[in-house]
Each structure stands twice: as structure tokens, then as C-alpha cells.
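What follows is a set of structures to go through.
In the two complexes below, chain A is the common chain; its partner is chain B in one and chain C in the other.
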Partner chain A sequence: MEHIYRSLVAIVGERGVSNRPEELWYYSRDPGVLEPHRPDFVVTPKTTEQVRDIVLLARKEKIPLVPMGNGMALTGLVIPLKGGIVLDMKRMNRILEVNEMGRYAVVEGGTSQGMLKAYLKDHHPRLRHSLPDAPPTTTIAANVSLHGQGRLTQQYGFNSDMVTGLEVVLPTGEVCLIGSPSLGPYWFSKGPTLPDLSGLFLGWLGTTGIITKVGLKLYPNKKFRDVELFVTDRVELVPSILYKLTHLEMLEDINVWFQPRPLLFKDNYHITLYFTGDTVEEVEFKRHMVWDALQEFMESKDGGFMALDYLKDTLLEMPQRGVAAFADVPRGGGFEYSGPITLIEHYPAYAAKVVELAHKYDVLYASSARLISGGHSMMFSISFAFNRADPAMMGRVKAALDEATAFALDMGGIPWKPNHFEQRLTLERLNPNTRELMRRIKMCLDPDGIMNPGNWEVNEYETSA
Partner chain B sequence: MALQFNENLCLTCPTVDCLEKCQYLAFGPGEAAQEMRKLIQGEDCRLLTECRTCYACEEYCRRGNHPFYLISERREEKGIYTAPRPITRQWYNMTAMQGKPLIGAVGERALSLCFIPLLGELGRGKLFEEVEAASVFGPEFMCPAVHSHFAKMSVIKERLPQVIANFVKLGVKEVICLHDECYGTFTSIAPAYGIEVPFTPVYYMDYLLTRLDELKDAIRPLGIKVAYQRPCSNRLIPQKHRLVREILDRIGAVLMERTYQDEQALCCGEIIRTIAGWRLADDIQGRNLEDMVQSGAEYCVFNCPACQTTLSAKVRAKGLKPVHLIDLCKMALGEKTKED
Partner chain C sequence: MKRVHEIEHADIVHRCFRCGYCKFPEDYVDFNCPSYRAFGWDTYSPGGRMWLIRAWMNGELTTTPHLAEILYSCAACDNCKEQCVFPRFKDYLPEIFQEAKAEMVTEGLVPPKVRDYFKAVAVNGNPYKLPQAERGKWAQGLGLPVFSDQEYLFYVGCVGSYDEVGQKMARSVGKLLMDLGLSVGILGDREHCDGNEVRVMGETGLFTALAEENVIQFKALGVKKIVTLDPHALNTFRRDYPRFRGDFEVRHFSEVLADRLAEGEPVLKGWKVRVTFHDPCYLGRHNGIYDAPRRVLQAIPGLELIEMRRNRKNAFCCGGGGGNFFTDILGGGEDAPARVRLREALDTGAEILVVACPQCYKMLDDALKAEGKEEVMEVIDLAEAVRRAG
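And then the complex of A and B:
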């Protein structure tokens, strides 16, 4: 292995590579409940050329390569299940371009959400991107590669739908441009009217290539942003409430959540509604439209709006820090969730399952769903907090999450950023021809199987042909 | 535990001021008396569905009866709740006692912060230096009057004796109530239900006046014009309303005359938004704030922290500065600046 280490030093320099145990310890785990696994090396490239050279080295040495953003997916996607090299992308963090009129940005593959947010605030205050409710150190490339969501997902779809172009280092070492940048200098379209090749990389969880540049759509940043919080105690009404709200076509974001603590939130389902405007009148108009849309539920006394002046600052935070607070309720600061993508009409069934699992496994629950693309679907998070110093509790959380994923699949949902166990569950149920198509794509792009092995292991399934 | 309500007082009332003066319901000739008769006899009537819970009828009644408590009792008897069920439930849950009150070095006197965090900061400084260490906070010491907005008098009857017992356990002889509604609860709701209060509730404005007299050499008259936002709870203790003017006089602030003050005061509107919708709430807040502006006031002075939280941003948007009455006193004592 020494020669690999020397080769990596030759590519990225002494300070860009490590095989020291304390650093390997750190890179062997993520904040979720999965078992750690040690890599052999960690490298931190600064350029696409360095990434390419590392890929060529890994291919030559047949050593696994695990691309990593900030490692906050919680589902072990950057745990090097078969060892090898963890490719920490965070030094590739430049914002290369913002096209104000075209409303897109081009960033390097390790650029964080917080960096882009701050840059836009300072230099392009009329623009914003779809910020996820994750720590600001999480990276844009990782987020789109696992079909993440953000503050603008209700309006515009998954954050991966907002990609306008990619630069990818293929597992065979070629540097490939996807979308309009493959034809010219502009990064305005990831696919149309070309075949949309971004699908070869988005959702593949780093098993088909390494994203070194991302083009990302930006959206108008309105001067005012406000929030309302509607509550109901009848879970069966939630889908129709959401249907009425999405019919308005004027809400920035819609989150549905419930949790047993603090008592303020006990026994109710909460729908947080965000809206924006360039004038106070625009904001108030939207607020009134929202209230009127839900009037029937108020008249029947089944739902109402909370007085929330004292909660507004918390609710308007971007990203929100409530998740961190939830993680520490049982002390020990751990939390993980299963977040299947599903239909809003299934909300009541999922909500019941959360409570059932929490009781069955004796764990603390919370749930927050985010509407996607005007209500065509939603991400339903089944979240459990745990104490990192309590292996038994972590085991119960893992079992509860596994059962949650099986339930989601039974309900026709799609697991989001599934861990390797959940990927296996998914592949087992996948249409065989679809699975075969995935296998062929994987074989074509990564013939040596070096990319994030242990994830999307389609090669383990017999061909259906 | 029953409401001590003298039906004859109402059935023989020549004016029916409680309803005739209502700012939200208009009655035809003789209709108000009919409504009250129906209410007393447990019949369906407009009051049960249209009352906006502003508490003002408690003040308008000149005969010492409790029309608002009766309306709320009848509503609960008939299951006619004011607010959406989940909102009512939320208030019930969030104010439940959890056995984790914050209790200072309480002797014979306690300073009640109710269950309102904002009162903690208000109850500090020179004005409260003798009592701030004796502060108590938490649902265990919270006046449950808010549940009357939701026609849940049963919650008040269940919790108020517990709150009183919690104070008694501390061995206090006096409780200084920083929340207007706490004083209203101990001196209006408790006697209306025959609940004994075995300590002396002290209204914070009485306490402020005493302290301002003691600190009069330190007072620098503010020379500012103010409008006053009277809270709903103050309707339970109308005899204390005059203290606002006395305090403002002491600190050199001028209370501007305006349409919506004293008996005609409009509430902050937030509970009304919850139970009646945005149109009425916006109307109330719009008229109220415009009235403050027209009066020439520079400051909007609050008594209740909930009103202050609700209206502060809107007051600022109108060019007025929101401030609690206690902070205004602190400004006069040089503990706070006008910019604070």
C-alpha cells in the first residue's frame, strides 16, 4: 500500500493525503447508526485533473474510491464499506460563475451550501438557491447527487431537478461534460434538448462517477419572507389540506410535521407554510389566500392557525437548527431518519407507522414531510433520536429504520438516500428489467467496480434476459 | 365548583350595558336583554357563537355580575367552542404543569412571572431589586384565565386551585403579579367561583407606583407622547385601569387621547385572529394602529407581553416605538435608553 500512498502524494501533495489512524477513524463513519469501516487513505484534491489522476490510479490498483462531500447524509453513503480511498471534495470549493440574467451558478464539486448562500447574499442579492435544512457545510454536489430537497423544492422540484449541467470524472478517467456546457460556454441546461445524461449520475450515490462541477438553477430572492403554521388533530385531513394549499401555486415551501415533545406540539399535525413577496401587500395577499383556502377546516373546528409571533424567528431560519435540538433530546446527539418519497394521500398511513415503530422499538420519534413539486409527491421523514453512547438504543433505531423502509416499499414509496441495506431491499423489489438496465449502465460506466462499492450493487443480481 | 352568578341582577338590568356596549355584536331594540335571558336559561343564542372573547362585558357590567364567564360556561356546556379544536388542545397541552417550575429565593413575597419568559427580563433592575430574587415561573404558577378564550372554564376550575396551592406551599403572604391577567384571575375569576386566595395578590402597577415614589429623585421626566394598548385581561380589573395614567404622570409621559382607549379599547387581535379569522383581526388591528398614529403618539405602551409580541412589528411599521410600561419606567430611571 505504500506505493499507493506515494502515488497519491505525487498527485495531491503531502498535505492532501493521509493514512494516519486518527484521520482514518474520522473518515470511517458518519453521524448515523451504521457500523464504521476504515478506509486505507483519504485524499483531498483541489482540481479536476487531480481527481482524474486519482481515479486512474484507483483503476490501475483496483482500489475502491468513495467520493465524499461533508458526509452528512446519515445513511452511511460515504462509509468506505470495502476500504480504499475516500475522496474528500471539500477543497474544491470555488464558485466559478453566477449568471445573473440566466439565473444559474456553476460551482466546484466540494462547494458548500453555506458558501453559495453567503456569496449570493453578498454579490447577487436578488438570487437564491434551494437551501436544504442541513448544516451549511453540506455540499451542493452531494445534495443533488442523492436527489436532495430544499427550501424551493415545493415550487421547483428536487434539487437535482435544478441542475443545469455537470462536469463528471468517469470511473474510467475521462472528464465528461453533461448538458449545455458540452456544446458551449453556458451552463443553462443539463439535458434538453439533448438526451439527459445527468441521470447517469444523479441518484447513483457516487457509484458511477465523481461530480467535479455543478451548474445549478437560481431563483428570485424576494424582499420579504413570512410563515404561517396551520394545525389539525385529524391526520386523515392532511392530504386534502395539502391539496388545497398546493392548488394556490404561491407557496415557497410546505412542511408537515408532528412530534410528541415539547407539549406545545403534542397530539397535533403541523403544516408550516412559507411565502414570499417583494412588497408587504404581496405577502399579505398570499397570507389571506392561504387562510381563505383553509377556511372550511376552521369552520368545522378541525384546524386552525397558530399564533406564532414568538416562533417566527425560529421557523424562518435557513437552514433550520431544530433538527440538532431534536437529536439531543435523549442526550448523546444522534438522529437518523428514513425519508421515502411517496404520495401525499399516503400521509396518514405513514404517520401511523411512525408512532407504531416508536412504541415498538421504544425510541423517540419526530416526523417532518416536505412537499415536492406542487404536491406531486412528498418526502416523509421517519426520524428517531438516539444517544451515541448507547449501542442498544442505536440498535433499536436501526431496526426501526429498516422496518420503516420495508413499510415504505410495501406502500409503493421510494427510499431516499437509502443505506446499503435499504438499497438491497429496493433492488430486490425493483422491476427485473429496470434492475438489468441499471446493471448494464453500471457495468458500462464502472467496469472495474471501483466506485463506492457496497452501494447499488446491481451486479449481484442475475440478468433477466 | 360553580360560577356564582346572580341571574336576577341581569334579568332586572335596565341597561344591559354588558351587551349593548359590545364592540363586536350589534343588537336590535330589546334584543340584548333577550340574548341575556336566553343565555341565563341555557337556550341557544347569538352570544354562544358570535362572542369574540374580548372580556369587555366584564367591565361594562355595572352590577358586579360575570357575563363573560357565563357565556364561556354555557359554551362549554353545549360543546360550542370558540377556536379550532387543535388550537384549544395546544393551549391545554402547552400550559400543563410538568413539575419543573423555576422558584427563586421566595420569602413572604413572591414575584410572579406567570409562564411568560419575557416577564423575566422586565422584572429586574432597580424597580424590582427587593423582589427579583423571589421570582417564580412556570405553568405551576400560571394564571389559567387564557382558557376562557377557548370556552374551557373546566380547565380554569381544575388548574386555578392547583396554582393557588403551589403559591401557598411556598409560604407567601403576597404575590406581586407582573402579568395583568394573573391579578385578574386571583381577584375576579377566583371569587366568581368561590375559590379562596389565601395570600394577597399585588397588582404590578401598584407596586410600580410605590417604587417610583421611593425612587422619585432618580426620575427624569421622559417628555414623550404615548398611546396605551389595553389588554383584554384588564377588563377583569377595570378598577386598576386608572393606574396607567398615574404611572405615566409620574414619569413625565403624556397619554394621548384617542378613540380606542379606556372602555373603547381594542384588543391586540391575536386571539380573535385564531377564533374569527384574519378579516376581523386585520380590521381591529388596522383601526387601532391608525388611531394611535392619528393621536400623535411616538410610543405604543404595552401592559401585556402577549399584546406586545403580537403588535410590536406592526407598531414599528407605523412609525411608533413599542415598549412595555415597565421598560418605560426604566427609561425614566435611566436604566434603559429610548433607543433600547
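And then the complex of A and C:
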């Protein structure tokens, strides 16, 4: 291993590589409930060339590579399940270009969500990107590589749908451009009208390459932004409420949440509605349209708008700091969630399952669903908080999440950023020919099996096609 | 799990989620944790330290030179305390880091540079290993009286007493205080180290000795009010010395200047110049003094104050805090916090970078030279800005 260390030092310098106990301990885990596994090395590359050289070294030495953003997926996707080299990409954080007229940005693969937000505010205040509610240290490349979501997902789809081009270091060492940048200097399209090769990397959880640059769509940053909170205690009405709201085609974002604490939220389903406009009149018009759409639920006394005075700042915050704060509800520093993508009509069944699992495993729950693409689907988060100093509680949370994933699959849903156990569950149920297609792609791109092994292990399945 | 190492706040260390808000300023424009910005490893971030301290307490990690370097590279700037999203324990973050360092001191396993710092302060009374008799040399020729029954004790501190740049600032501030007619005296060669950095680096025994020695001396001399050159001294006098019955009215010189200028003294002719101001962590985040130095600058006719992108509670530390001014564990290079901060100052287009702390002064002045920008910008202290306007 010493010769690998020396080779890594030659690539990234002494300060850019570590095999010391402290870094190996820290980078062997994420904040979720999965067991840690030690890497052999951790590196912090600063350039695409360094990433390429690390990949070539890993290929030569047949040693695993695990690209990492901030490790906040919580589902162990950056835990080096088979050891190897963890690449902490956050030193590659330059914002390379913003095309104001083309409404896209090009950033390096470790650029954080927070930095892009601040940069746009300073230099391109008319533009914004689809900011997730994850902590601002999370990276744009990691977010799109796992089909993340953000504030504009309700309007425009998954954040991965907003990619306008990629630079990827393939597991065989080639630096490959995807989309319009492969033909010219512009980053406006990840695929069309070419074959959309971005699908070889998005959703693959770092098992097919390392994203070193991302082109990302930007959207108008409206002058005014406001929020309303509609509340009902009848979960069976939630799908129809959401259907009416999405029919308006007016809302920036729609989240549905319920939680038992604090008590004022217990037994109610809260639908947070965000809307924007360039004039006060536009905002007020949208507010009126929302109220009109939900009038029938108010008249039947099945729901109503909640006074927002003390909640408004919290709800309008981007990202919402309170999301991370959920980790300290049991005074324990942790939470994890399963976030299957499913149909709006399944909301009541999922909601019931959350409560059932929380009771069964004696854990604290919270749930927040986000609508995707105008209601074609939603991400339904099943979140459980835990006390990190209580291994038994962590075990119960893990069991609850495993059961939640099995339930989601039974319901025809798709696990979001699945951990290696959930990936296995998914692969077992996947159409065999689809699985075989995945296997062929994986074999073609990563013939040595060095990329984030332990994840999307399609090679373990017999060819059935 | 049985703990191998104990610290006072051991029961809350596991509550860090390592979400990383602590790395940033309020609006996320850049990394705002000096050691994380310098090293780039998550282990050097506040969340990283919290997780490593937990592993170390539990015996999963042992005390190593690298772990000690990680802990001692913390600049104690308090950005993490300001930005952490967990209100129920965020205030304890700096204390936890300090307690872990204190445990390392008890083990006798601190970095050599830290050990040398403690030894120098213990033996020589200052980290420069210079004679006590030279402590008052900075004031020679100024006419500042030795403290007897003046209204204020002007406390200078180790950097102001011994460091060349610090001495320059001490003379600048001391002279201005006299010119303003303030009733002020100094201790000269009877002044002792305030101990702020000794405490932050975890030598609680030495700190207690220094604090008690100072309190006894101040009381014996009849000191009621103190004006400090160094925000680090201000911090420990205000926040720690009351535990040793040191209840003095402590002000930073910028506060005194601001009040005097508000009263119309001195009458300033003006200075047509563009300046930017660097918030010292121990003045700003630690003690909430943001307005006083700005009031001083804004009282100067013709002076245009241009704020840096990160300012006030979001200011980026120069990297000198937590003892790093003396130990230099954060190291140099283009990612050194002082050079990052200096570049941010240059981005404002200002000709002058005004400082209000002798440690920041030295750090940023050195950074100016390292960046090769002496022709573009000058670093001066707040009192010097007033003098140039007079």
C-alpha cells in the first residue's frame, strides 16, 4: 500500500492525501445508521487531471474508488464498502461560467449548493437554481448523480432533469464530455438532440464514473416569494387537494408534511404552498387562485389555511435549517429517511405506514413529501430521528427504514438514493431484462469494477436475457 | 461505552449531525471556518472535530500528533457557534474544543509548538521569551504615565508589547488616547500576559495563575476601568476574569474612540480615501462589538468605508486566533486564512485595510507581503486612520 500512497502524493501533493487514522475513521462513515467501513486512503483532488490520474492509478492497482460530496445522502452511498480511495471532491468548487441569457451555470464537481446560491445572488440576481433543503455544503454533482430534488422540482422535475451537460472521468480514465459541450463551447443541453448519455451517470450513485463538471439549468428568480400553509386532518383528501393545486400550474413548490411534535402539528397534514411573482399583483393573483382552488375543502370544514406569522420566515428560508435540526429532537444527532418516489394517490397509504412503523419500532417520525413535475409523482420521505449514543435505537431505525423500503417497492414505488441493502431489494424485483441492460452498461463502463463497489452490484445477477 | 477521555461536555458531543452549516457564513458564499478553508479535510471542520473528539473519548482513536494538530488548528473564531443550526448545544462548541485540548494538556501530548508556547509564557511571562524588563519598551518616548490613579489602565498585552507590528499599533493607540486627553496609565514592565490564548489552548492551570496574578495586581493598583489594545485581552478580561473576582469595566480602544468622536473630539480635518475594515473575531463574534470601529471610521470626513463580502458576524478570521498566531499550525500558502482574507479585502477596491487587533494586524500585514500587493493596499490600525484624518 505504501507505493499507492506515494503515487497519490505524486498526484495531489502531501496535503491532498491521507492514510492517517483520523481521516480514515471519519471518512469510513456518514451521519446515517449504516455500519462504517474504512477506506485505505482519502484524497482531495483539485483538478480534473488529478481525478483522471487517480482513476488510472486505481485501475492499475485494482483498488476501489468512492467519489464523495458532503456525504449527506445519509444512506451510506459514500461509505467505502470495499475499502479503497475516497475522493472528497469539495476542493473542486469553482463556478466556471454562468450564461445569463442561456440560463445555465457550469460548476466543478465539488461545488456546493450554498456557494452557487450565494454566487448567483451576488452576480446574477435574476437567476436561481433548484436548491435542495439539504445542508448548503451538499454538492451539486452529488445531488444530480442521485436524482436529487430542490425548490423548483415541482415545476421542472428532478434536479437531474436540469443538467445541461457533464464532464465525467470514466472508470477507464478517459475524460468525457456529455451533451452540447461535447460539440462546442456551450453547455445548454445534456442530450437532445444527441442520444442522452447523461443517463449513464445520473442515478448510478458514482458507480459508472466521477462527475468533474456539471452544467445546470437556472431559472428566473422572481422578485417576490410567498407561502401559504393549508391544513387538513383528513389524509384521504390530500391527493385531491394536491391534484387541484397542481392543476393551477402556478406554484413554485408544494410540500406535504406531518409530524407528531410539537403537539400543535399532531394529527394534521400540512400542505406548504410556495408561489412567486414579479409584482405584488401577480403574487396576490396566485394566492387568490390557490384559495379558490381549495374553497370546497374550507366550506366542508375539512381544511383551512393556517396563520403563518411565526412560521413564515422558517418556511421561506432556503435551505431550511430546521431540516437538519430534526436530528436533535431526541437529543442525539441523527436522523435518516427513506424517500421513495411514488404516486400522489398513494399518499394516504404511505402516511399510515409511517405511523405504523414509528409505533412498531418505537422511534420518532417526521414526514415531508415533495411534488415532482406538476404532480406526476412525489418524493415521500419517511424520516426517523435517533440518538447516536443509543445503538439499539439506531438499530430500530434501520429496521424501520428497511421495512419502509420493502413497503414502497410493494406499492410500485422507486427507492430514492437507496442504500446497498435497498439497492439489492430493488435489483431483485427489477425486470430481468432491465437488470441485464444495467449489467451490460456497468461492465462496459467499469470493466474492472472499481467504481463505488458494493453499490448497484448488477454483476451479481445471472444473465437471464 | 466506557470513556477513555473525559471532558465536561462529554454528554453532548454525539449530538453533532456533521451537517456542515458550521463551515459557512450565513449566506454560504465561501467556507468560513479557517482551518477547514486551509486544509480542506472534513476532519478540520467543527463537525469533524466533534466526531473525532467523540471517537477519541470512546477510545476508537488515540491521541496522535495529527489529532492534536487538528484540534490546535482551530482558530477559535466562533463562526461555528454562530452558524450551527442546533440551538440547544451550539453555544458549547468552542468549550468542547477547548476542553479536549485541556485533556491533551493533561496527557502531555500537545504539539511541540504549543508546548513551547506554554513554557515560554510560564518561564518568561510572554511567548516571545523576551525579558520582562523589555515589556514596556514600546512606550518609550510617548510620555504615557505609569498607572497610578488614572481613570483607565491601558492594557497592551504580549503582542502589543513585544511584536514589532504590535508595538507600532500600541504606540499609535496609546498616543491617540493621550492626545484625546483620556486619563490613562500603563503598567509597562509590570504588565503580565492576559492568558486568553493559554486558556483557549487548554492550559487551565497556567491560565488560572495568570488571571489571579493580574486580578491581584489590578486591584492592588486600584484599577477600576481598563481599555485594551487587543480584543483577545478584552475577551478574557470581560468573560473569564469575573470568575476570579476581577470585576473591572473593560472596553476596547475602538469603543473609547467612538464615544470621544461622538462627543466631537478630536475635530478631524478629513481623509479622502477608500478603506475596508476587518472585524477581529474577539471583538466581533466573541463580544458583539461591530459598530464601534465603524463609527470611528464613519466619523472621518471624506473616508469611504467599503465592506468586505464577509463582514460583522460573517467575517472570515485572519487565522491568528486559538494561539495560531504563535504556533502557526494553520501554516502558510495561498489557502492560509490571512491570505484568503487579504484577497477579499483587495476585492473591495479599497486602498487601506483597517484593523483593530494587533494579531490581525500582523497576520494581514504579512499576508499583504505574501500576496505581493504592498503597492496596492496598506494595512493600518484604527488609531492611525484617525491620526491621518487629523
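Here, the second predicted complex is superposed on the first by the 465 of 465 C-alpha atoms of A that agree within 3 Å, B and C clash if a C-alpha of one lies under 4 Å from a C-alpha of the other, contacts with A are read in each partner's own complex, and residues count from 1 in each chain.
Everything that follows uses one rule, which is that a residue touches a chain if its C-beta (ideal position, glycine included) is under 8 Å from a C-beta of that chain, and two chains touch if they have at least 3 such contacts.
Treat the numbers as computed from the prediction; the structure is a model and nothing was measured.
Asker: When the two structures are laid over each other on chain A, do chain B and chain C clash or fit?
Answerer: fit
Asker: May I ask you to decide whether A:His288 touches chain B, chain C, both, or neither, giving the answer as first, second, both or neither?
Answerer: The first partner, chain B, only.
Asker: Of chain B and chain C, which one touches more residues of chain A?
Answerer: C
Asker: For the superposed three-chain arrangement, provide the angle chain B-chain A-chain C between C-alpha centres, rounded in steps of 10 degrees.
Answerer: 70
Asker: Classify the contacts of A:Glu22 with the two partner chains as first (chain B alone), second (chain C alone), both, or neither.
Answerer: second
Asker: Kindly classify A:Gly304 by the partners it touches after superposition: chain B alone (first), chain C alone (second), both, or neither?
Answerer: After superposing on A, A:Gly304 lies in contact with chain B but is clear of chain C.
Asker: Just to be sure I read the superposition right, which of the two partners does A:Lys266 touch: chain B = first, chain C = second, or both, or neither?
Answerer: The answer is first: A:Lys266 touches chain B but not chain C.
Asker: Go through the superposed model and pick first if A:Pro135 touches only chain B, second if only chain C, both, or neither.
Answerer: In the superposed model, A:Pro135 contacts chain C only, not chain B.
Asker: Would you give the minimum C-alpha distance from chain B to chain C, in Å, for the three-chain superposition?
Answerer: Nearest C-alpha atoms of the two chains are 17 Å apart.
Asker: Using the superposition on chain A as set up above, list the residues of chain A that contact both chain B and chain C.
Answerer: In the superposed arrangement, which is not itself an observed complex, chain A uses no residue for both chain B and chain C.
Asker: Can you list the chain B residues touching chain A in their complex?
Answerer: 81, 83-87, 89-90, 93-94, 96, 98, 270-271, 273-274, 277-278, 309-310, 313, 317
Asker: Name, in rising order, each residue of chain A that touches chain C in their complex.
Answerer: Contact set of chain A toward chain C: 15-16, 18, 20-23, 25-27, 31, 42, 44, 70, 72, 88, 90-91, 112-115, 117-119, 121-122, 135-138, 321-322, 324-325, 327-328, 331-335, 387-389.
Asker: For chain A, which residues count as touching chain B in their complex?
Answerer: 231-233, 262-268, 280, 287-288, 291, 295, 297-298, 301-307, 309-310
Asker: Contact residues on chain C for chain A in the complex?
Answerer: So the residues of chain C touching chain A come out as 14-21, 23-24, 27-30, 39-43, 48, 51-52, 55, 60-62, 64, 66-67, 70, 85-89, 309.
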